[in-house]
């Protein structure tokens, strides 16, 4: 079923720009260093326990995610959608997530709304992963649009039979893109209508690399979101990706805004703590996590789940070449084993005992300073 | 009108030394690294807001600057004057500042007082920029001179129809120059006379790369200055410039004082906070700012305006080659766009809401230590 | 008596795997960099005293170690056993320890229990060192085994006429090894039986490179151990050794767990302070010590003894080539001289006056932060 | 008068060893890097004052040094003596000190006591410098010797008509030298006798690169010293010098003690603050000062005087080649000018106003941590 031809673009020409951009967004992180230069995870030290007498194999990594139970607090973050290649990637990711029973997210479903020919690049996920929680995805730009139709949200849910919808908040990314959506005045109002109309579907607010501060978390909490995906600074910088896309108009500005704002954002560990101060709702930590140790660090700080995009983009891209899900499943198992190892080495046998457990870590360096003023 | 011949020196021979120095002061920063090695701006982190629902295009960057309103809190810092090349540079800067409606400063007007043939290198600014605020410039050395005539101050105002006069305090620069003016005993007395005679013209105290401490800010505040330009350490080091001018008498000293004192001074962010503790008067932050993000940082710390010399020296020098104002206007627009982007990304729609707003930043590293003892 | 042929493996084939691993464990640290990258010893500064009027030669380095008195608070940490080469190494170490009257530890005696042909590689230590304290060694994995026989513990004591038995806690090492022992559920129960049966032999809990936190120290203290060897992070990383052994199954995981957990653990100085907060029992500080200054630092923090494995592995390996104990004795004397020098330079004439003496050191850097939160 | 032949050793053979070592001690710092790797002076920032209205030329650098007044708080630290080359060096230093009216110290006068033929290498200082304060020099090793004769102290005073005697405390240096004097048990007793017998001559305690802690300063203060020369860690490490002299017995030890203890000691700025906490007596800060800015930093921390050995060893060695005092006088003038510049830039017109003035500096980095625990 996996199609390896990249050139098969859908006929609808008006979405051509978005589609090309989607491929670039996949390839640039694989080919260039577009990661944030500062990663505060190394400033967090988990504290070893010398007598781990919990049973390694029986450590329970499972958590409840709304109405479903997943095998581990791991989420494949929103990566792609809206292109034949995206369909292949999403198929791989969803199959692997289903096999390992973890959470899967799709990329922005805007393309699917705008061009029905692209729906299958999203729909494929539910087709191959009937049981796992799948998180749908719509942007703050769309929700804030004058011509936003509430039904579009319903279409997104329906497209993948979404368990949860994420609204991605990507202000910086939109800002540094040419012609980005940066008008969010209607967001709060439209969100309230959404919230009212789609009562049964949990909605989470998802940052994409610049994190939440306390103010924005509080606003969203009051608006009634059901959870947060912090998407803090530390991992892939969408601003850095844009600076590689060479769309900087150097007749207009002396410096590329995408380069100037490359490092902007609240670091992931800081954002986890900021959000947790405001609310006890679901909290996914994404942005710069590289191993299962980083998941454990985030959960010790107060998160529920660790999300990964870059790692799974790498694994799925490799799997695409061999028409398999081998690497992606292996990555999930690696993360699980690393996380399980952390718990064992801290003598903890389930996720609840780790979550927000101040006795299990120390904070050093600049991260200490950031969190103590 | 822009003259590209550098060799046209005025006939008056007695000012020859000053004039040659002026050209060197322009060219050395362009050709050598004479920037301070420590820049504490990276120790300040602005805090991203995930839902910027203010309207990007309608963010109001404008501020009142004494009796005029300018489009943004950006000041072209004092760069030059007193030489045909200076005239060209000043013409470019003033035209661009007029086009973009920002604040413009001229270099020390001493040369214009001492040699009327050089007046036009300053006067040109007002000729091409009838509407914007222009800041005149006289040195503490002149004001402190035994033979200082109050009328000279009036001549400076008149020369450019100055909205504001700056008295630049450049103690270190004078000290490390051969035969510098370092006798300031009469300053306070002469300043009081000035202040009395020229009641209508606001006067600001301007440091030029070594910043104000609290003591000196307090003295000036009590003397009745109307504002401060902190000119802190972090950007171009005049001491470093002098060390490049090769005027060190190595028969007299084993080390060049200009080299030994290269890094001396109160860093710009520290000086902004020091001055703001003492007074609520106008505060321009100059010294090491490189982007509009740095303007936003300084204003969050308590400043009103960000000043730039090095960036505009670069842009104007390039414009001189093509007899245009293209690069300088572009630089102003770039700074505005970067500043506007910062405000938007912090969900703030005017400068008042940013100024001194402690919720909008954290301070890390050595800067934290400097400010907390 | 020292046999220089490495190939003489014992006949018992079932222990072959363990035996090969033992040789690798000796050679890898000598040939590769498997030391932790972070070593916090440099963050501790001992404070010089300008008038050392204690008598250098009469500084008393001796301490009591259970029922014996040793010449200095130096312990040759558990290095090896269970192989003909191990026998040679152990013979060298024990002879040198006897000559210098310091404490000697043997490696895990498991091989000796499982294959009587290997007993002599341990027994040799007591044969050549009749007087010094020798610490026997059994692993948490064995003690926790379902089929653990209490008599095996007695056999270990008897094998070397052990003064003290150490139970090594090497959870991380077992975890990252293929087929490691990671089931410790029976440990507490079995330990209590051991403790009851072998009342006369002191038992210490020994970490092997990942240190004790306060929780685990408290558990062991309550279980009735007679002392601790902190074996903190900072020196040889067993995880790093395993990552060099190339037994990573890259079909199963994308990253080698042994590489991912390379730096895991409580640093030695932190662990010394953690354990000392919990108990006043015997405390050996091992893990990253490189000189006698490091012994002095650990004792100032509260330890009783400094342990070294890597340094003595190096010396003994060299001695093996020349069939002597020259280098090992020299290393002991060097450590003694360095330690004595520290005491003299702090004007202290015995170990009691140094132990836990807060006036004799300052703590800088990340170590300060680790210890103050 | 200056003799440029290095080979003219005195006839007395028994002092040959000391004499050779003296030449090595001069040449090694000139040819190798034997400076401490950590220098905390950069962690101290003096605070610029923007309106220096004190009169630069009339800034009074003079201080009283016991009964004499010197032009600046600068001391040529003890460098040498006891060799024909030393005589040349001392002649240059003393002439320059006399010309500039600063304080001069001689190296250890032990050689002069043991071999009258070497007296002139010390005596020359007073011959060419009749007016300045000259500090004599005897070691703690001599004062502590069983056969110490009180008259030797008198001979040292007489040899140079010393204004002040320094007893140098060089415990680490003696320790890492072969056959060093490390028996100081009689020091306190002998010192009391000295103090009693030579009531008229002030005696200061001088460390030589490892600094005073509070305890040793308190002991010396109670014993009745009249001042301190902190000689802290940060500049030339005598331990490093010894490690270059290749006298390490590698048959005895695996590591050269001189290398292991290379960085040992209380840093100069820390030691200044330690001593000042204990006493208000005279305090010379030596060890790692490189410019007049460093003098100002030390005095702001509480010292009275800054001492320099390395800088003057360099200048005098150069002067020896040209039979002049040109470089040494120039170095003194450079230090004076740098110090005067600092005072002017802080708007202070005499040394009293700088001394211990907490408003004139901030402390960053590890130095902050060292001083705040």
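Chains: A, B, C and D, in written order; residue numbering restarts at 1 for each.
Heads up, the rule we're going with is that a contact is a pair of C-beta atoms (placed from the backbone, for glycine too) under 8 Å apart; a residue touches a chain by one contact, two chains touch by 3 or more.
No experiment lies behind these values; they were computed from the predicted model shown.
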{"item": "Shortest contact path, subunit A to subunit D, counted in steps", "value": "2"}
{"item": "Minimum number of chain-to-chain contact steps, subunit B to subunit C", "value": "2"}
{"item": "Size of the rotation, in steps of 5 degrees, that lays the CA trace of subunit A over subunit C", "value": "90"}
{"item": "Distance from subunit B to subunit A - Cα centre to Cα centre, in angstrom", "value": "45"}
{"item": "Subunit B: positions in contact with at least two other chains", "value": "none"}
{"item": "Chain-level touch network, classified as line, ring, star, complete or other", "value": "ring"}
{"item": "Which pairs of chains touch, using the document's own definition", "value": "A-B, A-C, B-D, C-D"}
{"item": "List of subunit C residues in touch with subunit A within their complex", "value": "140, 144, 169, 171-172, 175, 182-185, 187-188, 205, 207, 210-213, 215-217, 219-220, 233, 251-255, 257, 260-261, 264-266, 366, 369-370, 373"}
{"item": "Residues of subunit C defined as touching subunit D within the complex", "value": "45-53, 55-56, 291-293, 315, 327, 330-331, 333-334, 337-338, 341, 344-345, 347, 359, 362-365, 368"}
